[in-house]
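Okay, so here's the structure we're looking at.
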Amino acid sequence: MKKKKNIFFGTLEEMSDTIVEACEYFAKHVSELKDVTVFAKDMKEMESRCDRYVHTILTELNKTFITPIEREDIMALTTSLDDVLDGIEACASRFEMYHIQDPDEYITLFADILVRSAHQIKKAIYMLGEKKLLAIREPAIAINELENQADDLLRVGVKTLFAREKDPIELIKRKEIYERLEQTSDYCEDVADRLESIVMRNS
Amino acid sequence: MKKKKNIFFGTLEEMSDTIVEACEYFAKHVSELKDVTVFAKDMKEMESRCDRYVHTILTELNKTFITPIEREDIMALTTSLDDVLDGIEACASRFEMYHIQDPDEYITLFADILVRSAHQIKKAIYMLGEKKLLAIREPAIAINELENQADDLLRVGVKTLFAREKDPIELIKRKEIYERLEQTSDYCEDVADRLESIVMRNS
Amino acid sequence: MKKKKNIFFGTLEEMSDTIVEACEYFAKHVSELKDVTVFAKDMKEMESRCDRYVHTILTELNKTFITPIEREDIMALTTSLDDVLDGIEACASRFEMYHIQDPDEYITLFADILVRSAHQIKKAIYMLGEKKLLAIREPAIAINELENQADDLLRVGVKTLFAREKDPIELIKRKEIYERLEQTSDYCEDVADRLESIVMRNS
């Protein structure tokens, strides 16, 4: 089915599939962290797979004269999708680096927001491949709303952390994890913004 | 008076008015923090107002064929003005999140730099609306100089903090506030850079 | 020899020479920190010199009608080179701000990566001036690989820091220095990405 797809749209779709897979893996395992080393390693594997998709797109761009949308847009979209994977992988790695084995309610809530954002990204990327440009607005708005939720969650989470946690080193670790999870949600928003900009110039 | 204005320039001007209002409010109230909850709430209200201006510009861009300057430039300028409001609001919220009620000399000095930067931004945005492109260079240079002052202030402030503050949690809180204030000044510089790039390509 | 050079390529080359000089100075002196004030001051001097090159390029862009590559590309490349200098100078200044006089193995390893990245940047910038566009790919790939090494080093360094350092204020200081060194390597990667984008559109 993907064989007939344009190579650029097909690979962007594979990147969005990997984002869904990574966010779901993260959400599932972060709530029951048995082995942080395996957890970080599995996330790294998905991130490396995404890097290979980036490489495919770059290589194809270099040998293709006519692209379905502007090459600069393909590049920017690819980079922003890659940033999402890098972001969630960097979060996962901190559990291993900081030996954190007891996640908390905020981490679980962030993970849920990221899963929902990932599905909206996938939806939007597939709409791009099907040239349903105007339909992209809906998932783009949903991603923006999820990002607002992540921002609110960061504020409540960090406020609670400062109120409860008296060990400064524990506080540093957890604050950074919250911030990186929120930043990953920002990267999802960058994908949405990039898509809206493509829609604006092509419809 | 604004009725005759182009909708894009008019809305950008309203954004710059809100930046001045927010920075002045911040500077006035941060030196005598009676109620951090009200302080954070008021700043959030101004930030939300700015989000509505962004929405107006986006909606207009989608239904307008001919724009006074390139649509990409309008978008980039809008985003950079929005970042300034987001930045100063994020600073204000930290006073509430961290229960900080005793500001210090550095916070006051940062606030003063931001008030001055906000006025230069407003000046430059109005010049854009009046098509006085070459005149924009002057406020743009002023914003860059203020950003250098903010950077120097951050260094002195953080150095002093590490020399004086022995409670690591207090240090984390205040260091973050200084850094976010300095970052807001960076966002002001981004507005200036964006304007200079528009001037360069249109004069 | 440089007299015949195009002013833009010539100045970009001088920026890349300064990046090599600054990274080598940093690597040489960070391992034997006798006077952190002199160390920070010398690095600041190189950073200011780079600011003057940026100013030269901006001034020339404003009075030149035909540029050898697109003006937007010259601007973006200039900014990304300037970011590298700003990044390494900000690292150096932290040794003075935090009174750190005993560097560690990780700082030395980061410095080595930055020296190697700086040489690759210089190589690539000179290739641009000589219009050897396709040859740029090789140093660009090398810079990307060095950035991956810096990212791995950050993870090992921070993990070790959290395992060993029990003083939270010491931990904050050193974590920030590692992160800023890694970020400088990200700025080097931005230069490479920018160059690859220029190559893509001009070959």
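In order of appearance the chains are A, B and C, and numbering begins at 1 in each one.
FYI, contacts are C-beta pairs under 8 Å (C-beta built on N, C-alpha and C of every residue); 3 or more make two chains touch, one makes a residue touch a chain.
Source: prediction; values computed, not measured.
Taken as a contact graph, with one node per protein chain and an edge wherever two chains touch, the assembly is complete, since every chain touches every other chain.
When the CA atoms of chain A are superposed on chain C, the rotation angle comes to 120 degrees, reported as a multiple of 5. Averaging C-alpha coordinates per chain places the centre of chain A 28 Å away from that of chain B. Within chain C, contacts with two or more other chains are made by residues 168, 172.
On the chain B side of its complex with chain C, the touching residues are 155, 158-159, 162, 166, 168, 171-172, 175, 197, 200-201. Across the complex, chain B meets chain A through its residues 58, 61-62, 71-72, 75, 93, 96-99, 168-169, 172-173.
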